[in-house]
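Since the structure comes first, as structure tokens, the remarks are kept for the end.
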Amino acid sequence: MIELEVNHSPFHRLIGLELTRAADGEVEMRLPWRDDFRRQDGSDWYHGGIISALIDIAGDYAIASKLGRWVATIDLRVDYLRPAREGTLTALARAVKVGRTVGVADVELRDGQGAVVAIGRCAYSTTPA
Amino acid sequence: MIELEVNHSPFHRLIGLELTRAADGEVEMRLPWRDDFRRQDGSDWYHGGIISALIDIAGDYAIASKLGRWVATIDLRVDYLRPAREGTLTALARAVKVGRTVGVADVELRDGQGAVVAIGRCAYSTTPA
Amino acid sequence: MIELEVNHSPFHRLIGLELTRAADGEVEMRLPWRDDFRRQDGSDWYHGGIISALIDIAGDYAIASKLGRWVATIDLRVDYLRPAREGTLTALARAVKVGRTVGVADVELRDGQGAVVAIGRCAYSTTPA
Amino acid sequence: MIELEVNHSPFHRLIGLELTRAADGEVEMRLPWRDDFRRQDGSDWYHGGIISALIDIAGDYAIASKLGRWVATIDLRVDYLRPAREGTLTALARAVKVGRTVGVADVELRDGQGAVVAIGRCAYSTTPA
């Protein structure tokens, strides 16, 4: 059984990702704002690349919190609903299905003002390696 | 008419993104390897979050290279075909459609060994702001 | 303001689609079973093509029930969670976003046994023609 | 080894689907026009539901033509590029990946005038049942 923490990944440390809750298919992650995440100089909007990365990671942890092991992403869809403004991002991920070969997770991403800025749907391979 | 360069974005500078070609709906970008991109300590695989970010950005530039202005991402799909190994990533993006309200771009991502590691399909809003 | 009914479309009549509820971004549709919908002779599973069609239509009606006019589908994603068995299919669609240029709808599809057999996420162009 | 034909499915017979080519991961299918496929009475545009169904089926056959057995759809994405007008639809599907657990297919759909009206990307479970 893996321990659900985020610090084993250099990329997670690069962006400063925090895992705040993970149990039985539901996961919450936070990403505090950094100036490096700006879309453009002078903008207070997040770059979209941070948002899709966070969705992929949170969905993975939702499935892993059910299975007790990491899974590989098959594919993902991200819908950007509105600009994500400066402040801590919060990702809520939920396992929709954890089957013998495929898992599906839904992710909702809120910005520091509480607005839902993006939603994600991700498929993972659950076949043991 | 915008100048198609990548250095105006703090996030692009954070990851070290390079634009190597952009003309008439076709774009090539490169991302040199960094230890910060590792999926896990000790792994020589890229984290998936870098891959989805690169796909989103390259697709955006493909549409922008046709329109001469930036566009907002509506949604994107990423299919992970195989692990992306250490080495420079190359993204080739192509505008499939540039309509009055919607643009669609396809992106192919190769790792340092030349293997196609992921493909992306992205929709952008082309309605002038 | 359009009237939200389904009988204006020859394709809807071909498959026997019924609209059972539509108000303010939420829509319920039903599709009674027909032998023509079988995946294979002798199977009691729906063909996947019926399922993706129903998701696209229900999402469209969810956005239309907010806007009071029809909208064109930009793209859609369907996740097949389990086989849909013989019996009436029920689609519940909900507008997630109705913006100036883009609308997004989520759809949940249940089979005659009440199991969620597929989920859909669809983007529509809301720019007036 | 399955025989790649389309007539075993009542749904395929309902819509009049034809398989015109299938070999080694590449498939061509045709769907002759019927008045039942109209989006609305009086329109000469195909209903979108026919288009997503055709994309799902063609992608499945592309993977099956490599594996020699049917596969289950995990998920699919359809991008509608322009209205599909009256006339025979042609779907060209190509296996992008046929892995141990997942297969990915790309599909291009042309209408009777030769215009690409939609593109699809579909993931299938290749794990033997």
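Here the chain labels run A, B, C and D in written order, and each chain numbers its own residues starting at 1.
The rule we apply is simple: a contact is a pair of C-beta atoms (placed from the backbone, for glycine too) under 8 Å apart; a residue touches a chain by one contact, two chains touch by 3 or more.
Computed from a predicted model, the values in this text were never measured in an experiment.
Asker: Measuring between Cα centroids, what's the chain most distant from subunit C?
Answerer: For subunit C, the chain whose C-alpha mean is farthest off is B.
Asker: Based only on mean CA positions, could you tell me how far subunit B sits from subunit D in angstrom?
Answerer: Here the centre of subunit D sits 28 Å away from the centre of subunit B.
Asker: Just the number, please: Cα centre separation of subunit B and subunit C in whole Å.
Answerer: Using C-alpha averages as centres, the distance is 32 Å.
Asker: Would you mind listing the residues of subunit A that make contact with two or more other chains?
Answerer: As it turns out, subunit A has residues touching two or more other chains at 74-75, 77, 79, 104, 123.
Asker: Have a look at which chains touch which and call the overall pattern line, ring, star, complete or other.
Answerer: complete
Asker: Under the touch definition given earlier, write down the residues of subunit B that touch subunit C in their complex.
Answerer: Spelled out, the residues of subunit B in touch with subunit C are 74-75, 77, 100-102, 104, 123, 125, 127.
Asker: Which stretch or stretches of subunit D touch subunit B in the complex?
Answerer: 77, 79, 81-82, 96-97, 104, 119, 121, 123
Asker: Quick check: in the complex, which residue numbers of subunit B touch subunit A?
Answerer: 8-15, 35-41, 47-50, 52-54, 56-57, 72-80
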